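The letters A, B, C, D, E, F, G and H name the chains in turn, as written, and every chain counts its residues from 1.
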Amino acid sequence: MAKQLLKGNVAIAEAAVRAGLQAYFGYPITPQTELLEYLSARMPELGRAFVQAESELGAINMVYGAACTGARVMSSSSSPGVSLMMEGISYIAGTELPAVIVDVMRGGPGLGNIAPSQADYNQIIHGGGHGDYELIVLAPANIQEAIDLTVLSFDLAEKYRSIVVVLLDGSLGQMMEPAELPPMKPLKTSFPEWATRGEEGDPRHFLSSIYLDPSEEEVANLRMMRRWQEIKANEVRYKEYSLSDAKIGVIGFGSAGRVALSAVRSARAEGIPVGLLRPITLNPFPSKQVEELAKKVDSILVVEMNGGQMLDDVLRDVNGRVPVEFYGRPGGVVPFPDEILGEIKRLATQPIPTEGTPRDRWLSRMP
Amino acid sequence: MQNEIIFAGFGGQGVLFAGQLMTYAAMDEGKEVTWIPSYGPEMRGGTANCTVVIADEEIGSPLVRNPKAAIVMNLPSMDKYEPLVQPGGVLVVNSSLIPRDAVRKDITVVRIPANEIAEELGEKRMANMVLLGGLLAHLPVLPVKAIEKALGEHLPAKRQKMLPANIEAMKRGAGY
Amino acid sequence: MPVKGRIEVNELYCKGCELCADSCPQGIIGMAAERLNAKGYHPAEMIKAGCNGCGICAIVCPEAAISVFREVTQSQSEDKA
Amino acid sequence: MTVSAPVSEKTIYSRPESLTTTPTHYCPGCTHGVAHRLIAEVIDEMGLREKTIGVAPVGCSVFAYNYFNFDVVQAPHGRAPAMATGVKRVLPDRNVFTYQGDGDLASIGMGEVVAAAARGENITIIFINNTNYGMTGGQMAPTTLPGQITTSSPNGRDVETQGYPVKAAELLATLEGTGFSARRSLHDPKNIRLAKKAIRTAFEVQQRGLGFSMVELLSTCPTNWGLTPSNAQKWIEERMIPYYPLGDYKVHPMLAEVKI
Amino acid sequence: MTVSAPVSEKTIYSRPESLTTTPTHYCPGCTHGVAHRLIAEVIDEMGLREKTIGVAPVGCSVFAYNYFNFDVVQAPHGRAPAMATGVKRVLPDRNVFTYQGDGDLASIGMGEVVAAAARGENITIIFINNTNYGMTGGQMAPTTLPGQITTSSPNGRDVETQGYPVKAAELLATLEGTGFSARRSLHDPKNIRLAKKAIRTAFEVQQRGLGFSMVELLSTCPTNWGLTPSNAQKWIEERMIPYYPLGDYKVHPMLAEVKI
Amino acid sequence: MAKQLLKGNVAIAEAAVRAGLQAYFGYPITPQTELLEYLSARMPELGRAFVQAESELGAINMVYGAACTGARVMSSSSSPGVSLMMEGISYIAGTELPAVIVDVMRGGPGLGNIAPSQADYNQIIHGGGHGDYELIVLAPANIQEAIDLTVLSFDLAEKYRSIVVVLLDGSLGQMMEPAELPPMKPLKTSFPEWATRGEEGDPRHFLSSIYLDPSEEEVANLRMMRRWQEIKANEVRYKEYSLSDAKIGVIGFGSAGRVALSAVRSARAEGIPVGLLRPITLNPFPSKQVEELAKKVDSILVVEMNGGQMLDDVLRDVNGRVPVEFYGRPGGVVPFPDEILGEIKRLATQPIPTEGTPRDRWLSRMP
Amino acid sequence: MPVKGRIEVNELYCKGCELCADSCPQGIIGMAAERLNAKGYHPAEMIKAGCNGCGICAIVCPEAAISVFREVTQSQSEDKA
Amino acid sequence: MQNEIIFAGFGGQGVLFAGQLMTYAAMDEGKEVTWIPSYGPEMRGGTANCTVVIADEEIGSPLVRNPKAAIVMNLPSMDKYEPLVQPGGVLVVNSSLIPRDAVRKDITVVRIPANEIAEELGEKRMANMVLLGGLLAHLPVLPVKAIEKALGEHLPAKRQKMLPANIEAMKRGAGY
């Protein structure tokens, strides 16, 4: 298929449709709304289910119910709306059901603003809901990736009976780029054994996240944790840019990764040996790759559109091998390449400080 | 090679559409391209702007602090973006609504009475095309033909009859 | 002789929505065609005499931009006393 | 003493197929069991067992999936109507119902049930009003009667600070999407028969696509009421029914021709 | 032309003290502004400005705190009645009201407003029904009319799949804790006067401790309706009022003696 | 005052009352319910506000409103209920208001069970809500601590305009121990300048978490992050047991810490040089203490009633200095001392493995 | 001569709540005082003759523990034919 | 020095109360003490048990796998806890409801027909006190006086008149 100029939110919506989305449940919220609006026309036109729920709380529980049937289901929202989904997400995870959630992050906390942000990294990656569970989290950095990862998310969700979150910031939802859409997949016709579909002749099933006996809950927890080990072994995704001979490693995801790429290019143009590692799966996190990077570079710079969240995961995996610095813009501010270039130059020219934490040092540099 | 152009003005002046036209054209020319709007507060009105980046390799940041060029359709936009254009860059000014002259001497400043020209051609809303024509004359990142093709494909059906007028508008703008 | 009144439109607030003009029973409000206020709207103004200070325009104004005044004739002030 | 079976006899009543063989965990005499039984009987009689999907709540009936002999999913506290909506929108021809307590539906879940009714969601709600939160040990519910003592209204519900009981059947009847809304009681054989009829009607409404249907059932909680099962039934008759009048609050016109 | 002021004149109308001097961000002709004005006038007339605490919603009126000249807090989407409850329970003698849109109150916030009414929470709700989600660009709201086109009902609201409009004034009137529930419109001078009376009544109910009070106001959204301000007002008269009858749906008996 | 035998939930409730709690808003949920039930009698008796909310969503927003008045307010719940509070928590944090939340954790994810658990560590410590914010989190290990920390929580909340979470597991809520209650504090009579109280003559205030301009939101975010640095510098609390000469350091909080203490004592009795570090403030986390510990012991054992959550924070702070092992019981299971003793003995006798992560090694040891 | 019936109580389900006994018009159901079932309850049983198979006990039983049978007399079966 | 005692039986047999009595007594004696119940599913009925730990120093785990002693009031509890009592520990058995003998030989087993004795003393519900008396006779962690004091303070008002009977019950139990 030829490339088309597509807006992020619309691209994700149509990609989901082509991946066989059978039911969508959502609630309007900027900067995600175009996704819901697009599907409000597209889904009925295809005879598929679209419901504008009473709230995100309603939406996630409609997703929960629809997921019980084994169909491909999705919801989408943005930061405050996603916070309202936390109980439902924990239930869906505890029931081991496949579902896809698109989170187009905006500035927070609270009502905050509608500008692009990555400040929900911890909420999504480190469990915003209660209990031990993991979500697969995919972070696109451009529209083509947004399309490809949306399609992938449905496959991964079913393969591992897991929630998959497509995590992006508002600017990716709003921007346009040429991209290619996948061909239309037919809707599923065969469904997993566990699905509750009220089929004639099927043995009766029930689906719940309740395990009243703690030892049974422990067995379920361990089963999920071992499945997660499998996911961690098979599904890590990332992209590297001019890291081969790099002495400085920059790590950033999504839009921050894009901006960092511009800075890395300019730095290279000035002869600074720097490269970029852009995690695509934020969970499972590319720990091995960070570890390898830490073994060959002299220092690492973590760039985020928040106050330093992925930073902690990088620190855990660098495990003291090399000094780590942080640069972030919280509250909905998108950094310009020159800001990151400045940081790279600092690392290239000045001794890397070691006292205090990277976050403390960053705060001392901020106005 | 990478060029960045910012389109800025009041909502309703067609800055977003002008930017999109350029984006479509760049895509058809097989270039890498990004278009990103400023999406304002969850409410109506106010000023609008968008940034278009056209390049030969994968594009990093879709936003830049110092664009190669800027089209400013009202005074607030002039005040905001004149200082930001790269040295040697291009600033296209809608002189119909912007009384003051530019202060920068290290950039090419093109002043065009876009509203008047557009009204002459019988459609106020074509001021954006006039300015786009002016831009392409001084920053030939894309062949005018490519824009015309994009126009043909993306001008809303009910305004297709205005196609020739729009092309004329670009020509007039290119004259400045 | 009819009561006499007048209005003052605070152009800081006016958005030229024309609701006052539509509802004025005397039809004496119009938008200042030639003038734009800070927000870029053509503000409302009295375009002819005949205002009786009924206050209807103020009642419909979404921006609380209108103040209404009414002349006090001798008789009225006596009534007061 | 036992009576030996005669040569030929017919079965007047036997346990419905839509109930599993698992004994319930309900307290002795708790009419949650009667509600379960009536639902099972109706689903058997309508031949819907193999196409029914039930949604269990959080409450004493959280384990309903152990007792109903058809597919059951179990919702977060109060969200059963949303979860049922998700199921129904994917499988419109299935028989989908929720089973919810008064804390579940009338307190934490009010938003979801009102929205489902407003959408005219083609699902059925069986609502168990026992004037308290049974499972957590008898706290005040929105349905708790004025002056009624519970573990969170130790001096009796004070309407000034704790508000007035919510009448779900009346409230949901105000919504256009509601095809059927009625209140019945489970405190004696006659009323149990009427309750069963109402449940049948509700499912008929769903089968005919006439919209949202809800049956509120006045039900006992002998344990938290501190009464014997039979005194609990009298309490319904003497205390609850005066406050919660039995009857139909919304009946879809097209139901006239439905013979049950 | 301008008229020179006469020697002596009296002021018939001037901007109320309970409004700040900040111009609003509302679109030209949007009657959110009229609602703000009426609230400010009533609070001035009742002398409550210095003891009033308003609760702003999430919606076009999220910035209400910039326009009201008294204490204002701003709630998460739909939770204003809960937040107002928190304020009122700590400061029972203050005048506490929420200002909410139809997405805020009738969709995401239905649970909170029904619970507040059921509790007879002594707060006032000013409810702006403009049949859509204004702030996010005109999506369908629970109040959107059948067949009405919005950005999330592009083919017109289909009651079969998207349900029926919610009538908040009628629904909240069914709750015993409600002391006053009424619907008014802001589409012409006469109705604006009546709307102001109703707002006054609602605050009187709160001042007298007669429970929960709510005034639903039919309000224009010229921008998302794609109409001029004056055509938007006609649209209220011709399309909305037939569906949303104006009137009082619940009036506390003790209000009889209240003269306004 | 003399010691009394008190149940955890009741002790916390009465401690809050004596700390000057003016308004409580909650919803029943096991194993927290006794707290709400106690206050349903106690608060009205004192003429203070008690509301059984329609839900936890209602409760947290009532807390939000009440906190705006500058009064001392509290809510309490357990895991699924706390998940429903995430949007509200993010709003309260973004509005910089003081409030206290008691979370009596139970087994999850989803409905799970009502047994004691620590599986909500990540949710509470690493931001279950959206946006960049931090909560002060206090983790008592016995009833006296539960009382003292509850009182402290109100002071810290006001001092730093922050939410303080008292985080405990179901067994602490349900168990009884002798403990001393503090004297009754009078209710506050003076209130902070920012409070919205509709006071005659006060300048008007408004309270909101909205900062439509990202750069203003960034300023607010940075202000809060710097306040957090202050909190981290001043408020870290922990308890050490026989660490002076320890070669093995055990780290555990709350009930897990108690159980570990028994194991440490038995191990000491057998002559094994082991000690215990029990974090009391989980946020701010005792990073310095963990770092110091890592400098003097040969290995560290992290014990939790979950699948390894605080573990990541320990790994970050140990920063590769010594090998770390993990032992956890997820799903609501409480470990017995002998299980942890076994782990300590293993560390004392066998070479510490280094391949894989501590979590992976633990999973390989679990049934 | 009156219809003859009988009931069977499944002791797996019965919780001895006595609702059946309270509601039996013939008053012929009682709880087996001496016997406890697996759950530790005294199960219901027929304590005297006179059951007419009306089924009321089954209608009130929360545990669906009761099965009800009615004798078919010659006449009845003929009616059937 | 630390002692752990588990009290187990049906709900309603007063195992939680017996445990609490011992806890109060230990507290009055200035000991460190913890009491922790098994709090079942969010519903009624079933079996109940509690663990009491009495020590001289700060108590670690309030739960132990192998208690020093156990009072078992019904068969399921017997089956569950007999194997868990520490070697050399004490198992107090309510022989009224538990037909079988203990199999352990390495612990002190005390069989007491508690229900019968309690009924003799005119109050079935005192069986727990009988067994508690039996426990203290074989595991003198606390002086009986301390328990009597606790009884006086914590027996529900309406049952205070039963105080002497309760004390007598303990004495009778101590005789086994």
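By definition in this document, a residue touches a chain if its C-beta (ideal position, glycine included) is under 8 Å from a C-beta of that chain, and two chains touch if they have at least 3 such contacts.
Worth saying up front: this structure is predicted, and the values here are computed from it rather than measured.
One of D-F, E-F or A-D repeats the interface of A-E: more than half of the contact pairs, counted by residue number, are shared by D-F. By number of C-beta pairs in contact, A-D leads when A-E and A-D are compared.
With each centre defined as the average position of its C-alpha atoms, the distance from chain E to chain G rounds to 61 Å. Separating the centre of chain F from that of chain G, both taken as means of CA atoms, is a distance of 56 Å.
Per-chain CA centroids place chain B at a distance of 64 Å from chain D. Shared contact sites, meaning residues of chain H that touch two or more other chains, fall at 41-42.
Of all residues in chain A, those touching 2 or more other chains are 30, 51, 54-55, 57, 80, 87, 91, 110-111, 113, 208-210, 212, listed in ascending order. Within chain D, residues 27, 62, 74, 76, 107-108, 110-112, 114-115, 119, 136-137, 142, 162 each touch two or more of the remaining chains. Of all residues in chain A, only 3, 5, 30-31, 113-114, 170-171, 174-178, 258-265, 334, 336-338 touch chain B in the complex they form. Residues of chain D that touch chain E in their complex: 107-112, 114-115, 118-121, 142, 159-160, 162-167, 170-171, 174-177. Interface residues of chain A, counted against chain D in their complex, comprise 22-23, 25, 49, 51, 53-55, 57-59, 61-69, 71, 73, 87-88, 91, 196-202, 204-210.
The touching residues of chain F, counted against chain D in their complex, run 27-30, 33, 36-37, 40-41, 44, 50-52, 54-57, 80, 110-111. Contacts from chain E toward chain A in the complex involve residues 58, 62, 74, 76-78, 103, 107-108, 110, 133, 136-137, 139-140, 142, 151-155, 158, 161-162.
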